[in-house]
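In what comes next, chain A is part of two complexes: it sits with chain B in the first one and with chain C in the second one.
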Partner chain A sequence: MNPMDIVLGVIGIALSVMIFSYLLGDNFFFRAALYILVGVSSGFAAAVLVTKVILPRLVEPLSRNGTDAFWLGLVPLALCVLLVLMLVPRTVKAGTLPLAFLAGTGAAVAIAGISRGTLAPQLLSVVNRFSPELLRANAGVNWGGIVEALFILLGVISVLFYFHHRLSRKSAGTQRPLLVEGISSVGQIFLGISLGMLFVGFFSAALTALIARMLWLKEFILALLAG
Partner chain B sequence: MKKTIPILVAAAAALFILAALILGEPLAGWLEIVLNWAVIVASAALLVAIATLILTHLRNIVRGKRGFIFSIILISTFLVSFIGALVLGMDNSAYLRWVAAIQLPLETSLLGLSALVMTAAALQIFRSRGWSLLTLTFGISALVFLVISLGLLQALNIPVLTTFINFLQRLPMIGARGLLIGIGIGALLMGLRVVLGLERPWGE
Partner chain C sequence: MILCPHCGKENLPQATRCVHCGEDLEELFRIEGMEDNSALQEEPDISVADLLESFRNDSIPKDEETGSADSTGQAYVSDSGAESNAEMPAEEEEQAPEWLARIRKRAQQEEDAAGELTRKGNSLDAARSEDHRGRVDEEFANWIGRIRENARRENLLMPKPAINSADSDEGVPEWLRKVRELQPEAEDGEQFAEEPAEEPAVEEVEPEEEQGEAAAQDQAQETESVVEQTSPEEILGETEPAAEAVSELEPEPEAESAGEKAQPADEEDSDSGDAEELPESAAAPQFAPVLEELGLAADGAALELDEKPASSEELSADLLLLRRQKENAQILMNLIGEEGRGLPPAKTQRVSGRGLYRLILGAFLLLVLAAVLVFVPEAKPKQIENPAPAVALKDVLDRLASGDKVLVVLEYQAATSPELEQIAAPVLRELETRGAELQFLTTHPNGLWLADALMRAAEIPTRETAFLAGGRLGVLAAALNSEGNSAVIPAGIEELQKYELILLLEDSQTDIQNWIEQAGPWLSASKLGVLASSQNEALLLPYYDAGQLAGFAAGTLQGRVLAQALDQAPLTSAPSRAFQAGLLVMIAVILLGILSKAEADSSARHAKEPEA
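Then we have the complex of A and B:
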């Protein structure tokens, strides 16, 4: 190992120990590690934004005086200046205009993205289960396919039912009809199964990271001792 | 009037982008320009947010507020990281190696720590929310999928068991589909509310 590897490795060990010190309770070292993470990450993010977006997309076109790019660059420049004014308490309201522009573009992109990328494929995958090709088997009826399609349809509807009626019960505070209660209960079961699987997925990933970190620590210390 | 202008700006930007996405070719050039503006403004907004964070911590140091030592740590690491990138360049291998040497152990250790915190939180859910159909199915499902993820049952190579495990593994997709559709409808409605000026996430 060269001296640089040793220095970086020791920093890695120190930071890992600082994070795992949380197991003894919230303490100075854990907090310091979090502040280091926030500081380094925000510095890196700021540098990326300046060098990869602001300089090439805003400053560079504005340096080409009189061209189309120059005139088109004046609009984001004005919006950016209004945003910067938000740093001064007196002119904080100047930022509403660029933020409104961002909210509008974000909403439009979300509407288009969600309807095309999430809602349409998810709804189609439920509807397509009922396509005649899938429900026919060797000139007969594929009863297994029909049951599965109905099962999926019931599951999706009941989960949506649970969400909708949970909110309406919270706001109205009234007793719901038996049918609504029943479908909501089915929805809760499907939702519980999905959340359990998601939990296991996240837990496995976190556990893998924990084991990987421990193994790295062990290997680094052994390599250090071996010289 | 002061409140109307931002609503009009948001609605105009949203309607233009939706029109450009629907019409395609005739507005493609302008769509690219407007999206480029949005990228620049979003980046500037993030920079302003980072500047606000730094200013807040600077104020904490100047006023000697409790815990100002953490503010010193944050600002010094920020400056080292930011100035290092500007001086050495974003693609400098030594700089990237140093940043990775700090971020990687912190992030993986935090992820590893979250495994332990998640275990405690999973047990806490029964105490805080009680025994309901949702918590019960969540607990059973988590246990079943933990056992399945070990791979021991699959290793037994019993055909009926393998078929049953395959069925179980498809089951969460139903609820997840319902969840995704629910989230999609919610986000779609929120987007439409912004376009129509009923929702003002930029504040008044």
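Then we have the complex of A and C:
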């Protein structure tokens, strides 16, 4: 183990202990470790953006005077200048133009993507489970597929009931019919199962990271002891 | 400075009453060397006229004695000769108090030492006749009385709490008597501090009062000094029109008393106070020129004319109004200073003991994991049933041939890199073995150096990692880059359709959805494969069922299954035992939480039942 590995390992151990100190509550060492993380990440991201984006896509085209890239490069340059003007209180409004452009474009792309990439395929997936061809697959009635499709349909409808009538009850404060209440309760069960699965996934990921960190600490200490 | 005998605070030497508590200062015109001031102490409400009268009586004892002798027909004869006249100063010197003797002595030595007031008083005595003296004093007393009455009316016009039926005979409200009972040792002035009805008045007179208590003290003392230094004749000569004007404005006593009673009731209404202030505001301009002639500032006349309050309560209320004004001004200044600053963090009330529980659970989990890692040997991985998404991804990988292009997209953070490296390293090694052409792309800056760590872990040759900026927009641009010449796409990255497989290494739902929603519709379903952290399994299943993904493996368990299916050894020292121990600890914690919550709910239910 070379000296640089030892130094980096000690720094890593110190930062890990500082993060673990959160078990004692919010304290200076925990916050210091967070600030170091945020500062290093921001600095690295800024360096990457300058070298990978600004220089090759903004500065380099503008250096080629008279070319198409030069004239096209003036557009992002102007937007950048407008963004920089937001630093001056009197010209804050000038920065709304590029921000509006970004927000509008992002929203349009997101809506189109969600409708085309999630809503429509998922809806078709539920509907297709009741297609006669699929149900009569393998030369007979696929009862397992039918039950599965019904179960999925029940989940979709009950969850929709739960959300819709939960909102309407909040706004109107009226008592719901018993049938609607029962379907909403079923939807609540589906939601609970989904959220439980999400929790398990998050905990598994965090536990894996924690185990990996502890394993690294163990190996580092063993390496130090072994010389 | 002199100290108020009532409140013990300092006042200017010429102050006639304490600016802190309003008490009359009996040491008025204390002259150095004067010991016997019993005459003044017997009459605390001494005025300039009385003082001048006392000076005059002391300076002309002979005349009075002559008069008295004439009237009685006794011993003293006016023409007793120079002898008796020569003896009189000596007798007077013996009979006169010490302070008067010192004054006379100093007056003989230095004319100015007699003082402006004494000189004016002497000249006044010499100027006016005996029969005119009484009228002058009467006029002066009337003038002072009008000024005091004006001050009393000013005080009455100040908002005061409504006097309800519970008031005592002295006009003291019930609440005030209770406060006094609760705080018997509090300062007299502070007994009025909690008066809620004074708040609007504080705001109304705020521009005048912002000068603070010090300015008010100075104004009051200057006013008193002006009154004191002005001789009665001068005052009379200058203020006869003013007296007439005051008498014209002065309402009838019955009307005043009625106004006193009606005013608090009017102030209970929201806007009746304005109607009550109208006569005062109309009278103020008429007072202004008169008071200016007297040398009194019109803006402070209301307070300055309050030479002697009608009662100690009214005076104290005025002084406390200044104090409240100062406090409100300070609050306003603080608010202005805080303007534009960020809101302070909300102070959440922490549940006591929660930190201790967190410490115990966290320490317990760490100890269990450390013990398992150190003392428990790693078990051999069991042969488990292959999950369908992982099998589907394995089929896609099996179809790849040498030379096929595979785009590996890294979109994970350093925290999840151990998990992702365990899943992805066997797959990359398999692709390298098959001779696939790997290209690395990332949309996160961190991916640039995480890709190197991944290649080292997979033991494959290091390749350059391209950076795709723009997030969702960048992914869409890459999907729409049908000709492969887009300036947005980094060099080396070709049209996405040309890749046989796009392998996403993800730990974020947002990034997964970006690729599925933005690039998926432009790609065939068999080209998107995902290796994700375990937390994303629930999100990936619907997309896989809908046919939008070729396959996926989420978590180390599925990653190990995939590696075994590919005949690749998973990364060494995969801590499955520690993972199982951690899951057991968390299950135990969740069960304990469920039980404690159920018990708490049951206790709460039982607590409510008796009430019902």
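Here is the rule we go by: the second predicted complex is superposed on the first by the 223 of 227 C-alpha atoms of A that agree within 3 Å, B and C clash if a C-alpha of one lies under 4 Å from a C-alpha of the other, contacts with A are read in each partner's own complex, and residues count from 1 in each chain.
Convention: contacts are C-beta pairs under 8 Å (C-beta built on N, C-alpha and C of every residue); 3 or more make two chains touch, one makes a residue touch a chain.
Keep in mind that this is a model prediction, so the values were computed, not measured.
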item	value
Touched partner set for A:G43, first chain B, second chain C, both or neither	first
Contacts of A:V75 with chain B and chain C, given as first, second, both or neither	first
Touched partner set for A:G182, first chain B, second chain C, both or neither	neither
Partner chain in contact with A:L215 - chain B first, chain C second, else both or neither	second
Chain A: partner with more touched residues, chain B or chain C	B
First, second, both or neither for A:L124, with chain B first and chain C second	second
Touched partner set for A:A108, first chain B, second chain C, both or neither	first
Which superposed partner A:A205 touches (first chain B, second chain C, both, neither)	both
Chain B versus chain C as contact partner of A:G25, first or second or both or neither	second
Which of chain B and chain C A:F163 touches, first, second, both or neither	first
Where chain A meets both chain C and chain B, residue numbers	20, 23, 41, 44-45, 48-49, 52-53, 57, 105-106, 109-110, 114, 118, 122, 125, 194, 197-198, 200, 202-205, 207, 209-214
Of all residues in chain A, those that touch chain B in their complex	8, 11-13, 15-16, 19-20, 22-23, 31-33, 35-54, 57-58, 72, 75-76, 79-80, 83-84, 86-87, 93, 95-112, 114-115, 118-119, 122-123, 125-126, 151-152, 155-160, 163, 185, 187-200, 202-207, 209-214
Parts of chain C lying in touch with chain A, wherever the complex brings them together	355, 358-359, 362-363, 366, 369-370, 373-374, 415-416, 418-419, 445-446, 448, 467, 469, 472-473, 476, 487-488, 490, 507, 513-514, 516-518, 520-521, 533-538, 542-543, 545-548, 554-556, 573, 575, 578-579, 582-583, 586
Complex interface listing, chain B residues touching chain A	2, 5-7, 9-18, 21, 33-48, 50-55, 70-71, 73-86, 90, 97-99, 101-116, 118-119, 122, 132-146, 149, 171-185, 187-188, 190-192, 194-195, 200-204
For the chain A and chain C complex, residues of the former touching the latter	20, 23-25, 41, 44-45, 48-49, 52-53, 57, 69, 105-106, 109-110, 113-114, 116-118, 121-122, 124-125, 194, 197-198, 200-205, 207-215, 218
